[in-house]
Amino acid sequence: MSAIAGSTAGSTGTDPGLRARLRDFSNRHRSITVIVGMAITAIALPLIVLLPPFSSFSGQNIWLDGFTIAGIYVLLALGLNIVVGLSGLLDLGYAAFFAIGAYTYAFAASPFTGNEFPFWPMLLVGALMAATFGILLGAPTLRLRGDYLAIVTLGFGEIVPIAILNSSKYTDGPNGIGGITPPSIGDFLFPTTGNPWPFYLTMLALITLSMILIYRLQDSRLGRAWMAIREDELAAAANGVNTVTTKLLAFALGASTAGLAGVFLASKLQTVTPNLFRFDVSFTVLAMVVLGGMGNIWGVAVGAFIIFMIQSVFLKQLNLFFDNVNVPILSDIDFLQYQFLLYGVALVAMMLLRPEGLFPSRRRRRELHTEEDAAFGELGDPMGAAPK
Amino acid sequence: MTQTADSGGRPTGGAAAEPSTLLEARGLTRRFGGLVACRDVDLRIPSGGIVSIIGPNGAGKTTFFNVVAGIIDPSGGTVEFRGRTLISRPRRTWLEPVFWVLPAAIVLLVEYLLGTFSGDEESISLGAIAVIAVLAATLLTAIIRPRWYSRFIDRFGVLRSARPNDVVAAGIGRTFQNIRLFQNMTALENVLVGMHLKLRSNLGDHLISSRRQRADEEAATRRASELLALVGLQGIENELAKNLPYGDQRRLELARALANDPVLLLLDEPTAGMNPNETAEMTALIGRLRSDLGVSVLLIEHDMRVVMGISDRILVLDHGEQIAEGSPDEVRRDQRVIEAYLGTGAS
Amino acid sequence: MTTNALSARPTFVATFQRLRLGPYLFMVGFALVVYLIIGPEQFVNALTIGSIYALVAIGYTMVYGIIELINFAHGDVFMVGAFCSMYVLTTPLGQTGPVTDPPALAVILFIDFAVTMLVMGTLGTAIERFAYRPLRNAPRLAPLITAIGVSFILQNIIQIIYGPSPINTPQIIDPAARVVVGGLSIGVINIFIFVTAVTLMIGLQMFVSRTRLGRAMRSTAQDREAAQLMGVDINRTIAATFFIGSALAGAAGVVQGLYFGNIQFTLGFQAGLKAFTAAVLGGIGNITGAALGGFLIGFVEVTAAAQGYFVWAQAAVFAVLIITLVFRPSGLLGQQLGERT
Amino acid sequence: MKITRLAAAAAAAALLVSACSSGSTPSPSAEASAGASAGASAAASAGEKGTLKIGVTLPLSGGAAADGQPTLKGAILAVDQANEAGGIGGYKIEVLPLDHAVNGKYNEQQAAQDMQTFAADAAVIGVVGPYNSAVGKVQIPISNEAGLLQCSPANTNESLTKPEFGALDYRKSFPDRINYIRVAATDDIQGPAMATYDYSKLGLRNVLIIDDVTTFGKGVADNFQTKWEELGGTVADRVGAPPDTTDFNGIISAAKGKNPDGVYYGGVVTSGAGLLLKQMRQQGLDIPFTGPDGIVNGPGDAEGSLIQIAGKDAAAGSYGSLAAIGDFPGKADFTAAFEEHFKNDADFNTPGAYSGPAHACATIILKSLDEFLKTSPDADQAAIREGTRAWASDTSHSFDTVLGTESFDANGDTTLPFISFYTVDPAAKDGIGDWVFKEQINFGAE
């Protein structure tokens, strides 16, 4: 719908021809916006880290490796955004689908099972597996009101690691599955270390793709139905939206994105253990979505990236800094340890003060200014002014 | 657009010509725990007619509405719409989940008997996958609810009343007493949501943003603006619903209800909280809907001028009981109605 | 929350058949089966742990019943309660180990419970006032997320104060002390816990059904607007609900400390999850249901452990949750959800 | 289509960038540790040929700090001693510690990133760590491909080194290039050792085996059980109890019925060993409580130690194995040196169970470096890294460490697989209660 909004922003929408052209234009523009935005990111990030202060923390390769892992979280956040942000369902067991994706690839390409399936198709398979489980879980519970879903997913998120832990016969239990084959193009096997570019670029490609697809969903009748459910489920039903199927689709699509991320993680770490998918992953991703601005795709992506960087780089550097300068109290505080305290405070503050998130979507600000946002949105700068 | 309109299959124009029954409620009853919200309500709406339900507060008008709209299940009675039963008391609904797990259970049993689980890893994992797949398939079918599935569970006496979206699909649109717009969506988007069932593009179309999808959206947007114009809301397409003045919100909700080209409109106090002018406009609009679009209307209203003005027939409820039914004049003269109103203080 | 209690009046017999008796019979039967499977000693364990879950579950169910919010922070209120009780016992009362002299013990216990429940009640009310009340008319998601945030905050505050590793709390009731009942030696502590829990529940039940505030709660739970029209002070009522629920969680915390003699800041998460499952199981919004649910969860868990499937206990609990939601979303005692959304 | 073009463009940019990017840049963390060691090594005239780094990868924050910090300091001590002695072959050595604890718990993902950091930093010639076997599984593939010498003081999971347990999955890139060595005995020695001890020394016959369902706990418990059944002992019950378990009463009551005469807990204190022991005693199950090194963690006044949680009297009758030499030759001197060196630190100023092994690891890396530099003094950093690895993994070489004379077999496992046994003495450490050394056995000698 935002496509329409963007297009009709200027005209009062009396001339269909014009509107049609405008929408086609903006639609094509949407995908291009994403691609251009991601391309800029892809080139900008490696350059930025060459400048101080970043360059002083660690070398470019390490930064890129970090970005790749951050990318996994961006993917997760994008997926969870479909469920939480667009459809307003609270999924607290999101890591479970992440795990399912990862183990799917672990089964598909590791000495543990002896299979050697190629990486690229497995991306799809992993996504499908996750979606299947999403349906299995969602179907019985989505008929009920939303907050039941929250608790059921929370339970599910607990069960999956437990199940993996305790069915050693099939998952090697706590040992996890090692020796997973990294992706390869032709004969070129992605290097485990040394050259982070292959993984880095693959991750960017995945993110770009998912963003484009998610945008298209958001602009479709399905996306409208999601938002309608988020706004008022009963009214949505009373307007012909089949709430159960619609919610289930959101759930499954969100799950599939997590599955995608899982497959990538498995191939990156070459080892998966249940410990990687504990509930704190789910909550971290939830925090990313909420802080990034629920429902705003660019916002969530940027939010996820920044938060991950904060937790994995900034807090560490903070510790080191205070250790060095020996500030009386601060040097004793271990900031890494209180990461979740920060999340907690952020979540509460965010809900009370700025529910639209750090990077509010245009929709939420539209009442303030329409015209220039329409134009601005089309430019879609990666700082989260969502191109609507 | 036009052909989609016709596919709505409503009797265009000549509705009055053949006053066939459009909707008929028989002995509709709903209790909450112990208290009976409405009991044995009978109602007949001829196609193209405007029928009103009046009654003091808490008379069960809205409950009746929600039952007809499929939002709450009736405790008894049925509603027939265009000759086919739409709403009825659900029976043995607990049985349905059983059917969801049954196939998977059977597969599991078979595998067990075949000794899959005493076999090697391969067979076990395959067996597990099979079970999960079957379960997933069953659940999907249950959610998509193809005809044969419904017929199948019907055979076991599982009877599930229509869901709100089924009711809409059947051709009934509604508005709410306390306006329920999608506050953070624009007026246009609100109407587009109302058009949900008219759009045919599917998930695949969305993902590849196919030509069909675009054409769909285009047509929908055009139609939506037409509807907004119809209710007199030109040029506010991109206003957020929550920023519209009260009267406009009511109209927007009406436009949204019309978006699916309904044959019957359920309007819950459409003029509540409006000033005389707005009321007059709304009344006129409702009249127009019947004359121009041939839409029949079921109306809950407190404003007697409106009710007496446009209704063909009036149904009077009090404490869930149906105390009178007839033409405006009959009702006006009915003794019990007067008592009911004087008794509880007319609103 | 006790909607069925209200609606029970007109057609009592019908309600009696529909809601009242069945679940209790089921419960008794279930307990009997469990007893036969796991034997007396485990049964005592189940009852004990079940009492704790029940106490926590009641808080969930009350809050959900009145403002339809899953108070994720509730589990952590329970955890904080345990720590509060430890503080009370160690610092002001200077306890270290078992207290043998009964009167002294009684006094200490009374102080401990009173202070902890009071503090936790206040904490709960404060949380409601600052984290939830501003969001009462916001979309459903908002308070849920806030609740999660609050839960993080509580956990980390405790972690900052007491550190990440488990802490010992004085077990003023000698955990080794046992009495022989019908040839079966039962820990005094187990009996104490069970009795305390049941007493509190009965007290609450009477409070809700007899007092004015209790009636206000029930009417608010039924229909907030209507209650408001009838002159019920909604804010005060909701605050009271939070106070009572959290106080009970605090009591559960005390009991936890006495029983295990060791507490940790992560306590709340698991307990909260199981307690909520209990609340749903019993029919969310229904106090008696929550109590029954709590014991049910206890049974399930201990049975799993007794049968050597301890690692699956958690999974079993959630399996129970999902099955309940599929086949009887209204739980054991809950009434059918009005809206089918 | 567009995407591929994007990729091409980015790749081009990449080449450009990597061309002009200067190899590795010193990180403040390095400075930090340098500062730590500089205090000692100021006098030394080391470093005219520059500095080399020894990475340390451990969980250093939160609940895991108690494991990580003393171990880290063991390594720091070794390095500082080397610097005081004038550095190694003209190089000054820095310790570069990276913490992979997230929310106070080890995190494989972070650990992998840290190993990437080490691998990319050409000045890093060896890594001490990790602590948890699960972390090793993520790091070894990276360090193996980078050919970076890694010496773990504490990893005991056998699958990390021994091909028959699937070690080759972790060194896929260069299966024959051993870069991961360890001074700790593996669980397939530690577990059985405790089994033998329980059976012969404690005379147990029917034990209850509980594990905490982690890589380490379950692994060691499995090994224990296998050996135990070989010896002819019976298993009363085998139960798993996840690390977040608080209520063991169910398990205990169930077990009581099968009247075991001993308990083996495969796991660590943080996953509930203390609570289990406490609740056992409360239910009047006064039988020996035995376990691996995971339960031997400090005296009764140490926060979160087994003795402190269970209470010293309840802890009496606990026996733990340590996958390292208990009273190694230089123990007294080492402890003295350690306490002297870190006397100014607020906490962790006494050696932990793995300070000695960490010191040994660092020593081994330094020794290898030294030997290599003797042969080829002017090698560049890449060559030094490879040379060090090669020298250390050469089975014919041996190293004089605080633990004694270490050497490594073809898989990189120590040839001194000592297991030492400890028991809790409530009276020890003037009444606080502490673990006291009983005896030690060298299973390499068998």
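Note that the chains take the letters A, B, C and D in the order they are written out, and that residue 1 is the start of every chain.
Just so it is clear, contacts are C-beta pairs under 8 Å (C-beta built on N, C-alpha and C of every residue); 3 or more make two chains touch, one makes a residue touch a chain.
On a predicted model such as this, the values are computed, not experimentally measured, just so you know.
The minimum number of touch steps separating subunit B from subunit D is 2.
Ranked by how close its C-alpha mean sits to the mean of all protein C-alpha atoms, the top chain is A. Across B-C and A-C, it is A-C that has more C-beta pairs touching. Our note on geometry: subunit B versus subunit C, Cα centroid distance of 40 Å, whole angstroms. Chain geometry summary: the mean Cα position of subunit A and that of subunit B are 36 Å apart. Multi-chain contact residues of subunit B (touching two or more other chains) are listed as 71, 97, 100, 163. Residue positions of subunit D touching 2 or more other chains, listed in rising order: 62, 104, 213, 240, 242. Residue positions of subunit C touching 2 or more other chains: 164, 311, 314, 326, 339.
Chain pairs that touch one another are A-B, A-C, A-D, B-C, C-D. Note for the complex: subunit C touches subunit D at residues 39, 41-42, 45-46, 48-49, 163-166, 168, 175-176, 187, 260-262, 264, 266-267, 270, 301-302, 304-308, 310-311, 313-314. By the touch rule above, subunit A contacts subunit D in their complex via residues 31-32, 35, 38-39, 42-43, 46-47, 50, 55-62, 65-66, 69, 110-112, 162, 165-166, 168, 173-176, 178-179, 191-194, 196-197, 201, 204-205, 208-209, 265, 269-271, 273, 275-276, 280, 311-312, 316-317, 319-321, 323-324, 332, 334, 336-337, 339-340. Residue ranges on subunit C touching subunit B, taken from their complex, read 3-4, 6-11, 14-15, 326-328, 335, 338-340.
Residue ranges on subunit D touching subunit A, taken from their complex, read 2-3, 6-7, 9-11, 13-14, 17-18, 20-21, 23-29, 31-32, 35, 61-62, 65, 99, 101-104, 108-110, 112-113, 115-117, 119-121, 134, 137-138, 141-142, 145-146, 157, 159, 166, 168-170, 172-173, 213-215, 217-219, 240, 242, 346.
Remark: subunit C residues 68-70, 131, 134-135, 138-146, 148-153, 155-157, 159-160, 164, 269, 273, 276-277, 280, 311-312, 314-315, 317-319, 321-322, 325-326, 329, 337, 339, 341 touch subunit A in the complex.
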